[in-house]
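Heads up, the thing below is written out as structure tokens.
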């Protein structure tokens, strides 16, 4: 477990996630919050698909981006804001199945810049099979003042 | 205007976009289709926001990913399938305003791999101001057989 | 031309470039320095190639990374340090010809984070033909204290 | 260990690496070749540095790009060519020390597209300490015909 500076990190993540209204629109829920690690789950729904009926890459990106941002946030000081600077995602397989799991962990936490790695898997066959569908590398920023302003 | 091999490219893009049910869930519409260029627009809605009330990076990614994929698709032969291999996005400013415009254009179209560039801007002040909010670099693949299988 | 805070930006870039000993090893030279824009050139040499005799992607990355970093540096305050946070590069065509030109420009300059775009072209046919061989999107950081420490 | 289709993969990698003349210019050597995994080492030399005396990000990129490409190559059929489509690298810490180790492994091998993950560490203190300095996510392509032509 990584070292955190905020004893209230889980509540801080849960409060912020609840304020991300896109997460509710996608039907996403916060499944796990630990120091340096966050898991978000999105049950499959036809309203989230691309043209072949699989989950759209944008859904994977949304869940992985939030998971990466919150994994970084767990290690930030109380009162800091979190901001995604950029991310890259590789799609590995069609996102078909019953539920998407987006898992993120901190690779390196710096004073200003935190690098996170994310993996997305799909559960299928009554949750017995886990297929890797995407991998993300994200850069997240700690914002000490004006947490609502980029850069 | 880039050179296309499919005289029906606009209809092909419109049909595929209509089948991407995530686009309807986000309220996205296909605003422009030209050879090598596509524009998607998403009106601001509270259901698409992150914790500070701006559009979530996942919404920008969804619109830019579809725009990049379809920009590449306009230059592909009839009957080919389109697949996002990967993309990278940099967030440039908070996505606040009335409408998101995601514009993509083909940088290089190869037999198998097409590279696209995307820019996202927000319209605000009654559409008088355009603010750049994100830039994307995406790799898209032409799939000649089994268009529903990755790689 | 972008707005700079450092009237001595050209000298600052030239001094730092001269201290990047990899640039000399690759035979790279600083061809142009303007506010928000830098160009680096690398003449083709067999010692810089990959297995098919073209310039190695690592040479393109080295030249574009330095060009992006210095394009950002031109807009930073005097005394600040510059640090590459990350970059992504797409290779577009084999890098064959007489000289590589790596051009970078600032897309957005923030207080801490600057985003740059780079393009690499190869000159061939006695410098009459310019072929696009790579495109880069880079995130650069302004370091105000301890310029030799990451993050 | 991943499954390979080429029983001669190690020799194929060694032959190709020997033909990458940039590797000799950087003083890089192929330290390990296994199915789906490659390690390249570069001893520290002043001629490879950036302005603060650490290894230049371009050196890390060169070694990781070759390591990722060859990790993918080990799983390709005999006679196929390997091509880097794109990569992203995050710099994690100053690359100071005695030797750079660039390790790559295949994340997913497809018929056309292979995704690889790379990690760079620096050995210091008489090789007793290993510090993570960069992480890469790369997209590599299997080229069945015209292995010297991009895309």
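Per-chain residue numbering starts at 1, and chain names A, B, C and D are given in the order in which the chains are listed.
The rule is simple: a contact is a pair of C-beta atoms (placed from the backbone, for glycine too) under 8 Å apart; a residue touches a chain by one contact, two chains touch by 3 or more.
If you're wondering where the values come from, they're calculated on a predicted model, not measured in any experiment.
C-beta contact counts were set side by side for C-D and A-D; C-D has more. When you average the Cα atoms of each chain and compare centres, the chain farthest from chain A turns out to be C.
Note: centroid distance chain A to chain C, computed from Cα atoms, is 32 Å. Centre-to-centre separation of chain C and chain D, using mean CA positions: 22 Å. The distance from the centre of chain A to the centre of chain D, with each centre set as the mean of the Cα atoms, comes to 28 Å.
Those residues of chain D in touch with two or more other chains are numbered 85-86, 88, 90, 92-93, 108, 115, 137, 139, 150-151.
Of all residues in chain A, only 88, 90, 92-93, 107-108, 115, 117, 132, 135, 137, 139 touch chain D in the complex they form.
Of all the residues in chain C, the ones that touch chain D in their complex are 16-17, 19-22, 24-26, 46-52, 54, 56-59, 61-63, 65-66, 83-94, 147-151. Residue ranges of chain D in contact with chain B, taken from their complex: 85-86, 88, 108, 110-113, 115, 137, 139, 141, 150-151.
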